[in-house]
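Okay, so chain A shows up in both of these, paired with chain B first and chain C after.
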Partner chain A sequence: MLNATYIALIPLLPLAGFLLLGLFGRKYFKNSSGIIATIILLVATVLAIYTAYTYFFEVGKVHGVYQKLIPLKYTWLEFSKGVSIDMGILLDPITCMMLVVITFVSLMVHIYSLAYMKGEERFATYYSFLGLFTFSMLALVISSNIFQIYIFWELVGVSSFLLIGFYYDKPSAVAACKKAFIVTRFADLGFLIGILMLSFYSGTLDFNTLIERLTSPGSTELSTALSSSFLGISALTWAMILVFIGAAGKSAMFPLQIWLPDAMEGPTPVSALIHAATMVVAGVFLVARLFPIFALSAPEALQLVAYVGAISAFLAAIIACTQTDIKRVLAFSTISQIGYMMFALGVSKYGGENGLGYTASMFHLFTHAMFKALLFLGAGSIIHFIHSNEMKDMGGLRKLLPITHITFLVACLAISGIPPFAGFFSKEEILLAAWQQNTIIYWIGLLTSGLTAFYMFRLYFGIFWSKAPSLSDSAHRKHHGEGGFAMMLPLVLLAIGAAAAGFIPFGNFVSSDGKVLESEFHLQLSIAPVTFGLIGIFIAMWLYKKQNDKPDKIAASINGLYKLAWNKFYFDELYIFLTKKIIFNLIAKPAAWFDKNVVDGLINATGNTTQFISKKIKGVQSGKVQQYAAYFLVAAIAIAVLFIYWWK
Partner chain B sequence: MNEFVTLMKSELVITVIIFLLLFIKLGSGMKNGMLLLVIQNLLLLNLVIGFFFNAEGNLFDGMFHTTALIAFQKSILNLGVYLISLLFAGWYMKSEHLAEFFILLLSALLGLDLLISSGNFLIFFLSLELATIPLAAMANFDLEKKISSEAAMKMILSSAFSSGILLFGISLVYGATGTISFAALPVLLDGSPLQIMAFVFLITAFAFKLSIVPFHLWTADVYEGSPIATTSFLSVISKGAIAFVFVSVLYKAFQPMHEVWHNMVMMLSIITMIIGNLFALRQQNIKRFLAFSSIAQVGFILVGITGNSIDGISSVVYFILIYVFSNLAAFGVAAAISSQTGKEKIDDYKGLYKTNPWLSWVMALALFSLAGIPPTAGFFGKLFLLTAGAANDNYGFILIAALNLIVSLYYYLRVIRSIFMDKNEQPVEKINIHPSTKFALIICAAGIILVGLMSWIYDYIHTLG
Partner chain C sequence: MMQPGLYHILFISTALFFIGVFGFLTRKNLITILMSVELILNSVNLNFIAFNKYLWPEKLDGLFFTIFIIAIAAAEAAVAIAIIINLYRSHHSIDVDNAEELKY
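== the complex of A and B ==
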């Protein structure tokens, strides 16, 4: 049987690590902090795997359906009967999957950072921040209450802010962490309003009750939520759209994607953990958590999810083709892949065969965590070696970094959807789901998979082939090496995951309604994506395997389009125009004027009047007892008269 | 007999302590230091006993009654008295009549305990007098200071006047209904003009003790002139106890007239908050400042009382628990400074942070709590008071209360600004804090932080109510 203490320990252990290292790390554990944090996380990982194993194979299934278990629930703040903020644990298949993914990737990053961050002045601080993040993320996925998830949602945002701005003496890092925080915080406002609307209509904050009340046809809560409408759209759909805005902010979906590329200013292992494998998929997780409401009661909102996902996937893939900073390419590829997960959820229905998209989305989340973390850690090891993020400084590194080369290749093949690597299975399932439900999205997805293969192999050939390595690099190799065991072990482990994770029969474990979903394999449908992928790879090979001027020529021939993509479709400029020109001038300035003159004026007037009256009535306090008694008596009689004659 | 002992346990324990102190005073030449230690430990014992062997029931035909809530209220008072015995150690050590001071103080406490438990107007009046007369003597305890005698004089005269009106009110109640028992009263009330008049005269007694405007005029003079230990007893313990009784008299004995008293309390609350704030704004002396700010605080307690529900009772009890910690902490710091340097002006506090950072932080915490700034307990106390008051849909009234909160913020923060930001050529020198004072301040600070965060305390009070 599941022991709630063990499950609670999974997030609490990293929290303890955070407190220990945060408070005493710099003084007492300056060098050992990495080891301490890693050991703590190893324990948490073991507990997470144990929990997932027990859930999936022992206690989770009742009559062939995976249940939503609540092993622990503590009512923290009760507003009124039924509406309370709880601190609880909700176990269901996606929670268990997320627990394993987060602890495993986090453990990899902890190990990797032992070497990568070595010699860093604020080594202990770095590990304490990692602990804080891991705690918040784990607590987020086990939340049993929508407000609880919101609390940890914000904590995740804070730790992401701290880690992006870790190199706080670098102005670009400071700007990036501010940007990430403000953009996601802005989106979270939508989430909060969504939560308030949901709790208003359902009268609860508890996930299970909330979902039950808002999906069972005929319940009073559902009918009021559906019947009240604004602009022709029901209140429930509005609430779900607002929740999705929060999810889109965290998951860097169009048009809120602008913060993620800049977030690459943080240390590379952090990018692997937060901005590839875990935090950015929180949005997908949130949509999945509320999926029954989306699918059964607010299908219009789900449509929006699908189109936003598809547009993000496609636009980000195009932008990724033009970027030259390797981490930024990976960032856009992350946006693109999360777009996949989103539209897979968007095209899914609830239950049975039609729920394939849900399973596929979660499957892709799982495999993506493996290969994307691997790509980032590989990029980290390249950057560690070259000391630059720019592709032009790289080339011919396959001999100098053999392990990185092989693992990076595995990851590229996985993300491009080449069988038998993990990405093939999950992506194939997503496209199958899209094919069954929405052909437009299917074609966008298919095209994007070709683009994905192209830009990933552009990256691969640009880094590892292209020109011959410079002499100084070769000399560098002699005394520098590839980064040591601590950096290579995570790469190899993740590569095994990226290669083999596809063979997990995912439909057996995760499905929209908890029942087993038999995954079918359609050979004819998997031909197209693989072909598109291979075409992408070959074009990339033709253009980038040897150094030549073909890419520049092509870029020149489609100059306008190329520039547009290279500048990320001018989204940043658009936002700057919106905030600086429109919001600052038209809203902020009048508001500031109003605040300075009217609000402050009123306050000052109140203050002055108060002072004035205060001076005037000072005489009452004369110090003479007989006067006091007189006032006393007059007041008593006045009150008596007032209440007897006038105020009945 | 057994029932008598368990039900009147707290009164009996206090009586025993009073007699012990009398014997010690007469029979031994114990030095102040030792004596203070004995007193402190006896009061700690008293506090601890308060949590055990509690029973519910009536004695003497319902003249005396006790419940779990009443036992809890008495524990709050015991806690406050224990803290007072620790806080003003510096002043006690200099006092020549320490035992007498505590004998008087405990007599007043005995009166307050009986008052809370009183079940009819007779014992109510007697215990009120028992709680007042020793206080007048305590006000006079700075024997060499003229201002202290003046305070005692003013207090006893005003109290006598108030008692006269109260007695008149009680006799009118008896005349109009034929009973002086709280329990028998509700069925006999019909809201006739005579009853309203009797009720108004009763209310004035509460208003006088609670310093509700316009019956507050004695407060500032007495608070300023009395020794600070007396002032803090008056403004925290005495007010807390009277507020408890006020709530139970209004909610139980006068429940049928709730429409009348609701409006009356609301009106008094608005006047009290506004006038209390207006006066507090201008005060330069820290004791006078705390006196007027405590008048405004009572205005907020009245907001909770208008709720007329279990929320009303529990929010008042909860607020007073917090108020004990916050106000005593502020008084403790002020006393520590004035007993060593004689400085009592707010301007003297400028630059205090430079020389006494620890005291400054405690003072800041206490003032934040009094002002109701989260996450201190004071915030939650005010929040629950306003929530209880808002239950009757008097949003205009709650708005006035909220505006007054903002005004009060100004003067509390003014003190904090003086302490932390203003520059001063000659700040208060480094204060030597007596260990027991320091201990009490730590308890207060912990209370200010923890009582707000531990939600079960409020829930517990709520179940008692």
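== the complex of A and C ==
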């Protein structure tokens, strides 16, 4: 049987680690903090795996359907009858899957950082921030209440802010963490309004009740939410669109993707943890959590999810082809892959065979966490060796970094969807779901998968082949080495995951309605993505395996397009124009004027009037006793006269 | 010889009261001000005595009040003179216009 204490301990252990290391780390655990945090997380990982195992194989399934279990629920703030913020645990297949993914990837990052961050001045602070992040992300996925999820949603934002700005003496890191925080915060405003609308129409904040009330046809809540409309779209659809804006902000979907590439200013293991494997999929998780409402009651909002996902996947893939900073390439590939998950959700329907997209999306989330964390950690080990992020400083590293080379290759094959690596299975399932529901999105997805293979292998050949390693690098190898055991172990473990995770029969565990989904394997449909992937790889091989001038020539021949992509379609400039020119000048400046002159003016006027009057009448307090006596006498006489003549 | 009536006495006491008030407001010497206060108090005493004698001759309430007022006036004079002595020590003057530090 499930014990709520164990499950509650999964997020609480990292929290305890955060408090311990955050308060006392710098003084008492300067060197041991990494080990402490790693052991704490190891325990949490074991608990998470145990919980998932118990759920999937013992208690979760009742009559062939996975139930939504609530082992713990504590009413925290009750606004009115039924509307309360609870602190609770909701266990369902996606929660259990996320628990395992988060703790596992976080554990890998903890181990990796033992070597990568060694000698860092703020080593203990780094580990306490990692603990805070892991805590908030774990608490987010077990939330049983939509407001609870919002609280931890914001905490995730805060910890990402802290970790991106970890090197706070670097101006670019400071700018990046501010940008990430403001952009996601802006999107969260939509999420908050969405929550308020949902709770207004459904009269509850609890996930299970909310979903039940807003999906069962004929319920009064659903009919009110559907009948009240704004701009021709029902209130419920608006609410779901607003929730999706929050999800899009956190998941860096078009057009809110601008913060993720800059977030690469943080330490590389953090990028692996937050900006690849866990935090950015929070948006996908949220859409999946509310999926029944999206699919059954607000299909227009789900359409939006599908198209936003497809556009993000495609745009980000194009941009990734031109970037030269390896972490930026990976960041754009993250956006692209999350776009995949989003449109897979978007094309899915609720229940049965048509719910394939949902399963595929969660499957891709799972496999993506493996290979993307691996890619980032591999990139970290390369950066650790080269001390640069730029591709032009690299080349021919396959002899110098053999383990990194092999694991990176595995991850590249996985993300490109080459069988039998993990990405192949999930991507094939996503494309199958898209093929069944929406052909336009299928073609976008197919094209993107070709682009993905191209830019990943451009990266791979650029780093590990291309030119011969420079002599200084070879000399460097002698005393530097590839990085210790702590850095290689996570790479190998994640590579095993990236290679083998695809064989998990995912449909048995995760499906939109909890029933087992038998995913069939369509050989003819998997030919196209694999062909596209292979074409991408061969083009990349032809262009980048040996150092030559072909890439430059091609870039020159499509100069306009290349520049457009290299500048990320000028989205940053567009945002700067919007904020600096339009919002600052047209809204902020008049508002500042109003504040300075009208609001402050009123307050100042009150003060000035009081001062003026008091100056005029202060002469009364002369300090002369006899004057006071005279006033007293006059007043006494006046009162006496008043009484005599008025009393009658 | 004509017996003085109530109105005669009230006239004297009113005159005494306003002489006292006038002295209180115009004199600058604190001792004189104290004397003016005594005048006011005594005008009140006269009133009490007169009303007692002419309106309720069989009662003694007015007399009691008068005796109390005399006693209080004595105490007040003692306090006032103590204040005046202290004022003189600190200001070397008993002119009220010189003691005006407590102003705006």
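The definition used in the following text is that the second predicted complex is superposed on the first by the 604 of 648 C-alpha atoms of A that agree within 3 Å, B and C clash if a C-alpha of one lies under 4 Å from a C-alpha of the other, contacts with A are read in each partner's own complex, and residues count from 1 in each chain.
As a convention for this text, a residue touches a chain if its C-beta (ideal position, glycine included) is under 8 Å from a C-beta of that chain, and two chains touch if they have at least 3 such contacts.
Everything numeric in this text was worked out from a predicted model, so none of it was measured.
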First, second, both or neither for A:610, with chain B first and chain C second: first
First, second, both or neither for A:586, with chain B first and chain C second: neither
Which of chain B and chain C A:625 touches, first, second, both or neither: both
If touched residues of chain A are counted for chain B and for chain C, the larger one: B
On chain A, the residue positions that both chain B and chain C contact, one per complex: 618, 621, 623, 625, 629, 633
Chain A residues touching chain C - in the complex, by the definition given at the top: 618-619, 621-626, 629-630, 633
Interfacial residue positions of chain A with respect to chain B in the complex: 76-77, 606-607, 610-611, 613-615, 617-618, 620-621, 623, 625, 627-629, 631-633, 635-636, 639-640, 643-644, 647-648
Residues of chain B defined as touching chain A within the complex: 153-154, 157-158, 161-162, 165, 193, 196-197, 200-201, 203-204, 208, 214-215, 217-218, 220-221, 260, 263-264, 275, 277-279, 281-282, 407, 410, 455
Of all residues in chain C, those that touch chain A in their complex: 21, 24-26, 96-97, 99-104
